[in-house]
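Each chain gets a letter, A, B, C, D and E, in the order it is written, and its residues are counted from 1.
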């Protein structure tokens, strides 16, 4: 009968995309801009203490192209925490120069087609995946995805064994990229409009294309993959903030 | 012949989503903000008296992500009442800081594939479902849905017996969640763009995902389910209102 | 060969949806609001004289939910007349507080799968359908629709006899609602994005759902029906205008 | 092999749709409005000289419903000319009251399933079709369209002979309307999002519906036709300009 | 198994579309406009030095129709460079008059169904394709595209040999246009919402239509091609900038 795979969840995840209102930013006084940046950096410091205390993680990116200018990726222990981070940022001065563009709500999800012999919540390797520090690589790639439920071809009606076979083929294709490309897979069934979110991290943006192009020829992607919008960003670390906002 | 299932309807339902204009809220004077909140709290008090008198029910949520900031869920005896609640809120000062985002119009709907032996309007258990007080759990999950009318696969052309079998399988999958996750199902054929609205209530947001993921492997969801956008929110009770709007 | 059904057309029809800018309305002075309402009521009086003289008909509704706040339904003898009514309203002061939301352009259409033995333009019953006064019931339901032209299932490739059979089944399902629910069907091929517009009128909004849900199980709706957005409104008669716009 | 039909092209064509900002127009001073209209009429005079000199053609329409308020249809010898006309209008004062709504870019296209025995560029009848003066009928109907490339049903994979048969049937259906309804068919492969644009002209708007409804039952439309949005407008000749913009 | 084709990548590519706010431009003072153009021309000079030094390339176009007014096409060695160019332009004064419309992020991609016998990075012909100077022809045509992954017809499940056969047929159809129409094909899997971007360059806009129409009858386009929006533009060289922005 129902052959849903067992999943284990970790931190909740918000991808929050904003459009920079450069015209308004330029019209602001130097003092207003300084104040906004000062406040923003303090907020980042607060988030960094949370990250250091393993109570969550975050990363900020400048997005290439016009879908957005900034992407925040935020991990927190509860959905309510995500909501509070989002509201907290909205109340800052810098948010007056960053209009909401879009967002994605999900939760870190690990699953296995093999039975788990140990309690995953006692397995340090698993814990570091459920409650990770977001890798601070140069580039990020985010996209939401679902699996096809077509009239003839339906992922959710396949026997678990067949899904397992297809996923293993997929994992094989991605293996050469494991070292270079880090990934955080989040589940969003019930939380947002696709079934999963995929966030990839790498110092060479080309590897995202290489990896995703290679896997597109896997049966699981070619036949069952439904992909939403792709977002590509540059990490915005402390040392690049001044430069980015400087006029 | 036509095999439409018999449905019984209760209160009308409006899901009203708003975007908070934080920039405008910050630009308002302290006095303007105080006045807006005072007026809003009075409106909530009025709605609470209606709820206490069993003439309707309501709940307010802060929404996670950028689809909306606030969701009102409103139950009232007539469609006209819903329209008046909506207009009443639009006339308040706080509404000047909350732009319409989207909405969903429906009516509480109960149906049964088994014949009803008693008059449902004399059955207290049924009455409490038709005219419920919205559960005040920590989290809400709302999504609209339809059933597939594809070229080969068409829910509305299935014999009633087959639909019954599929729905019973679906109910079985959801059974382990009955205690934790409350639900209000509303019908929206003729009222809005999908056929049903599903509103789930729980103190642990993860259970929404667990439940919906499990049921996605049921034939009725996997093959016939068409899902709209998913909205996830935190209940905004009286005691959190000041904190949420505080700058 | 080509088996298009013969259609007879009456008045042209515009459904004009507007969003009320409540913030701007509240910011207006009492005098500006009074003037805007005075002018609007004069326009309505002019339209009423047209309705009394059987030169057209109109009705105004407040729409439930955020798709729109106001819907005008306007019937006029020519497409040019519709355009003029629309422009005339746009030039009023009240229009400055009502942003265009969406619209639908069509023409009253009667058709028959049976041969017509008499000249329809000499048949009083037919004339009252082609040039009707819009019923002033409490509620309205509007939706546009098309018929499927799928790869395997195509309404427009069915023999006329089969289409006739399916439509007769459809009419049978709707028969119990004929008394309660009035309807105006308009054709929009060549005028707007769907093939027909359906406007229903009733004093009990629930009957819209009952009727449309029942017919959805008819083969013609289940298999061939493509439905656009559904709009539901409350009639805004003279006596409710002051109350609706009052702050 | 590749069985693309031979096409011959004439003038380039821009359909430019604008939304009138009536609120801003009303807020303008009488002098500003007079100036804007004076400048606009001078632009029209310039365009008329171009039309008289057979260097292009144009027509202006007021559009029914909320998709747009004004449609310009512009024919010019080169794509660059179209771009210049568009920019020239954008620089006028009246354009400040007319926000861009949408547009369509194409080129007049004639094609034939029969071999052409003569040089079309020496055939006066063909030349008048490639470089036409836009008919100044009371009504216009514009829609873009493509031909289906479905998984089972694909226009572009049909043998040329079959496409020819289907198009001849289509032409037969339209024949009774040839006198009343003029048409300009433009090709837009590579220029805009559909494959063709169809612009119809008639003094009786109902004939658009009659014609398009009749042809919808042709196999070529029923099975292969993909239709975009339909726009319907009233011609705005010199003598109606003052009235339209008058407050 | 996985039959992904080997690809070689060159410079990263941003297509950046903007809407000119003519109303704001007209409202600016002559001095503000002069300053904005002076600054913009300096930026172009900087980009030209980059182009001369073979560190990238760029081209600016005025777009026909209302999808956009200006298109920047930018080639740079890294994704980060693209992001910086985009931000640099956003910080100029002219950007205050050009609202973001849309964009496309990709990378120059060369691929071959035949084995490569030489190191492509040592082949001058290949290097000039990977790191090209954008042709400065009069007209540009841009569109994104994907290959179909349908339930019965799926490009990514075809054997490599079959894909090779189809692509060779496609190349044959395009051969008569090779001289007149230059092209830059960019890959966008993982970077943007389609799989490829196609940018064509020609002095005669009609050739875009002729080429794309001819290839639409190839099996690879007819059956497997999914096309996004088409954008058509006129090159905006230094000598036309003053004229374009002049009021």
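Here is the rule we use: a contact is a pair of C-beta atoms (placed from the backbone, for glycine too) under 8 Å apart; a residue touches a chain by one contact, two chains touch by 3 or more.
Worth saying up front: this structure is predicted, and the values here are computed from it rather than measured.
Under half of the residue numbers at the subunit C-subunit D interface are used by both copies of the sequence.
When the CA atoms of subunit B are superposed on those of subunit C, the rotation angle is 70 degrees to the nearest 5.
A separation of 45 Å divides the Cα centre of subunit A from that of subunit D. Per-chain Cα centroids separate subunit A from subunit B by 28 Å. With touch defined as above, residues shared between interfaces to two or more other chains in subunit D number as follows: 151-152. Taken as a graph of touching chains, this assembly forms a single closed ring in which every chain touches exactly two others. Touching chains close into a ring; read starting at subunit A and passing to subunit E, it gives A, E, D, C, B. Put simply, subunit C touches subunit B in their complex at residues 19-20, 22-23, 26, 62-67, 138-139, 141, 143, 150-153, 169, 173, 200, 205-206, 208-214, 216-219, 221-223, 225, 229-230, 232-234, 244, 247. Of all residues in subunit A, those touching subunit B in their complex are 1-4, 7, 9, 12, 14, 16-17, 78-80, 82-83, 86-87, 90-91, 93, 95-96, 100-105, 107, 149, 151-152, 154, 156-157, 187-193, 195.
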